[in-house]
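Both complexes shown next keep chain A, but they swap its partner, so chain B is in the first and chain C is in the second.
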Partner chain A sequence: MLKKRLYLISLGILLLLLIPFLVSGFWVRLVTQIFMFAALASALNIIAGFTGYAAFGNMIFFGLGAYTTAILMTKVHLPFIVAFPAAGMMSILLAILLGSLLLRLRGHYFALGSLGAMEAFRQIVDLWTDLTGGTQGITIPSFPGKPFVVNTFFYFAMLAMVVLIVYAVSRLDKNRLGYAFKAIRADEEAAGVMGIDTTRYKIISWSLSALFTGLVGSVYAYWFSYIDPPTVFNVMWVVNMFVIILIGGMGTVFGPLVGAVILETVSELVWSRFINLHLGILGTIIILAVLFMPKGILHLNWKGLVVHFRPGKGEAA
Partner chain B sequence: MSEVVLKGSRVTRCFGALRAVWNVDFEVKQGEILGIIGPNGAGKTTLLSLINGTLPLTDGEIFFKNEKISGLKPFKIAERGISRTFQIVKPFPGMTVLENVSIGALFGKDKIKDARLAREQTRHILSRVGLEGKENLRVENLNISERKRLELARALAMDPELLLLDEVMAGLNTTEVESIMELIQELNRQGRTILIIEHVMKAIMGVSHRILVLHHGEKIAEGSPEAISRDDRVISAYLGERYAKMRGRAHVEG
Partner chain C sequence: MILQAIVNGILFGSVYGMIGIGFSLVWGVMNIVNLAHGSFIMIGAYLSFTLYTVYHLDPFLSIPLVMAVLFFLAYGIQYFLINRVVRGPSFVTLTFTFGLQILIANVCLLLWTADYKSIKLPYSSEGMEIGGVVIPLVRFGIFGVAVLVTILFYLFMRKTKAGIAINATALNYEGARTVGVDVEKIYAVTFALSAALAGAAGALIAPIMSINPFTGGSLVSKAFVIAILGGLGSTVGALVGGITLGLVETIGTVVFPSAVQDLLGFLVLVLVLVLRPQGLMGKRFY
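And now, the complex of A and B:
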């Protein structure tokens, strides 16, 4: 049984390593995009799924990471290898600053507060034309090489981000820090009584989420080699991340991965043919996910599903 | 035996115009079990919340081992060796029973850093509260009696010097109540000081060294369980003044 599992995992890893060499550029870019959303949703999962704080403004760190990278590479002419960690550091700093203000709020108030912070930040980026290029955006020197080399590089860069973040989250599932997050999610009063400094751990949680989101933003900026405020501060992306987490399973290690694969594949292959219905279908999926699998696909009780659809027994477990 | 570990002076908490706890002085000695009783709404749970910092005091001060703890955040008070259970249990879902309990060892006064070590060190606590064999069960799957015992196990995992118990026996059957009473006495023999709120009279009278009676937020009596059970003010608070008068008359005539 264990041998069979090991065999399957090895096969999966081999397949992931070979994809860029087996399929066309379109598919490689699609899979890279799936990786990006898996990474972003996993990072959001740390604060939203594990700690229970719905950070609707999390794109603020994606934008900050992207702009830090872009500005350092164009204005200061630093290489990506320097701009990348700087993007992460900036995100942590902003999370600590915003967190000490906003994490006093709970529930919807925090969700709205973080969203407001993101919009305010976007306005600053819009108006600070000298530094950010304002609404014109910034063009970043692109990765040198033929399309195949570029596609392969960013495929592995995003794959590395996914592996890094999912590894971090898997550690959180079983370590002291993660236990503190889950205790806060369950009941902040009880967590405090158990000796947990809730304010401190909430800020740590958001900083971790911010770090990973900012790093992904940095890779994105280099990958697309052009960024502007409407794209990197796009609130629809956060909605997408929440849908991914909902589909996969809030507060689970692999939920965001599964959710990203499902949502992004469906999105790219089916919705691109129904451009006008795109948002309607997204909305329908959200409603169905919340109604029929509130804990996500990883927690879905397939036998229970039959019971759900029986009239009069529609109580969601 | 004689050293005072917990001392409250003029402890007061108001909710608007309601005096939930009013001007209560109390002392708890090292190694003592102090029972707190009183009718519903007397302010018992509020008093515990004031001690462990989950509610701020309106007035007055509380000292633990001669250091002022009122005004500190709950986690600071927990770190000093005070733990509590909640009357309305608060398990941490999404985690197993053992993981829930290990949080006490990870964040209580011992602050063990390694989660695996904390799990191993707290495993034995589960058998003390009768949750052995349920280590890897998710807490969502526990029944109310098991949740009550989990609450107690989590508080114990913090290795507290002072344990505040808020109705840990409510909802348990007779056998379970007896085993919890034994556990409380055993914990006390180990030198832990215990403050206990309980509605099961037989239990609290049997286990407490001393009883403090609250009524409408005020302390109306304090003394040994025997003295308290004969105190007219206590009887009238519980059973009404008419009953107390009748009983008093019968007592004089008889």
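And now, the complex of A and C:
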């Protein structure tokens, strides 16, 4: 059993390493995009899935990472290799600052407070034209080389992000830090009584989530070589991440990977064929996912379809 | 200038109040932040628009009809769909209602196209002037209807059996169930009432605002601000929150440059959340 599993995993890794050399540029970019959403959803999973705080404004770190990279590369002319860690550091700093204010709020209040913070931040980026280019956005020097080289580089860069984040999450699933997050999700008062400094751990959790989100934002900026506020602070992306986590399974290690593959593949098929119906179909997918698999597709339970979360029978909020 | 802004703010704030009451009712009773609330307002506005252009029915007269349509639509949505996930974690209902919002936006896009629509009433330019302040007839009518509906809603929540059952469920749903309240039906009635209020608000804004299928998304963020300002669990609070937002918006356009208005709005929201999350007048009873 274990041998068979190892065999399958190594086959999968081999396939992932070979993809850029086997398929056309369009498919490489699509798979890179799937990696990006898997990475973002995994990062969101740390604060939302493990710790139970629905950070609807998590794109604030994506935008901050992207803008930090863009500004350092265009205004200070630093190479990407320096801008990339700087994007992560900035995200951690912002998470600590915002977290100490907002993580005192719970449930919907935190969700919408973080969303409000993201919108306010986006307005600041919009208005600070000298530094950010305002609504015009910023163009970043693109990665040198032929399209094949560029596609392959960013394919492996995003793959590396996914591996890094999933590895970190798999460690969290088993170590003391992760247990503290899960204890907070299960019952914050009880966790506090047990001696967990809940405020501190919530800030650590959000900072980790922010670090990874900011790093992905940094890679995104370099990949697309153009960013503007509506793209990097897009609420729809956060919703996509939540749907990905929902489809894959909340608070699981590999759920976001499964969810990203499913949602992005379906989304791509729908986009190209029914542009007029795209929102409607996405909305229907969201509604069905929430109704029929609130614990993820791996836990899909047909007998449970009828009784899931009925008032008084399901889990408490 | 400022005086005119204050009058406009109060007149329009009454509609915001109606929007906030429905939104905070669903939030307070079921712990659902309904991201599709703005979409219900939009549906109300579109229905009123169609009734006016096709059947020449005055938007003030179509209000009961629009309310009834939204009542039954929302009753079905809650009873058959949301009741299945209502006890889930907060992000589940948030995501669900967001899905509902984009689905409704798409349906409206197919039915009414992406063009901005608005009702041009023949008496839209009439009004009266008191001491240099102009009070347009339409806006005054909107104010009157909004206040009337709010008062009726207040009485409904306090005097009728259904209203008391909603309050009981909000306070303790297990207790309410024990004394014989059908919680699932009460939840459906609550959601339906909220949508009916949203529909009425939609019919009221149709003559003075242009709407397109994506108006719903921006209206819901206003509903959220109103509910936060007013605090959950209070009809009067939501009305105060609505009029406050109306005043802030109209006075804001006079005092601040338009570029920073959105920024100020979000900053105020985050500040109120951090400093006074229970709102200006929040409590646990409607």
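The working rule: the second predicted complex is superposed on the first by the 299 of 317 C-alpha atoms of A that agree within 3 Å, B and C clash if a C-alpha of one lies under 4 Å from a C-alpha of the other, contacts with A are read in each partner's own complex, and residues count from 1 in each chain.
Simple rule for what comes next: a residue touches a chain if its C-beta (ideal position, glycine included) is under 8 Å from a C-beta of that chain, and two chains touch if they have at least 3 such contacts.
From a predicted model like this one, the values you see are computed outputs, not experimental measurements.
Student: Touch check for A:174: first (chain B), second (chain C), both, or neither?
Tutor: first
Student: A:198 contacts which: chain B (first), chain C (second), both, neither?
Tutor: After superposition on chain A, A:198 lies in contact with chain B alone.
Student: Which one hits more chain A residues, chain B or chain C?
Tutor: Tallying touched residues of chain A, the top partner is C.
Student: Touching A:189 in the superposition: chain B (first), chain C (second), both, neither?
Tutor: Touch partner of A:189: chain B, not chain C.
Student: State which residues of chain A lie in both footprints, the one left by chain B and the one left by chain C.
Tutor: Of chain A, no residue contacts chain B in one complex and chain C in the other.
Student: Within the complex, which stretch of chain A touches chain B?
Tutor: Touching chain B: residues 174-176, 179-180, 182-183, 185-187, 189-198, 251 of chain A.
Student: Can you tell me which positions in chain B touch chain A when the two form their complex?
Tutor: Going through chain B, the ones touching chain A are 52-54, 73-75, 78-79, 83-84, 86, 90-95, 99, 102-104, 106-109, 111, 113-115, 118, 154, 158.
Student: Chain A touches which residues of chain C in the complex?
Tutor: 27, 31, 33, 81, 83-92, 94-96, 98-107, 109-110, 173-174, 177, 183-184, 187, 224, 259-260, 262-263, 266-267, 269-270, 273-274, 277
Student: Residues of chain A touching chain C in their complex?
Tutor: 48, 52, 54, 56, 101-102, 104-105, 107-109, 111-113, 116-117, 119-120, 123-124, 127, 239, 242-243, 246, 250, 276-280, 282-287, 290-291, 294, 308-317
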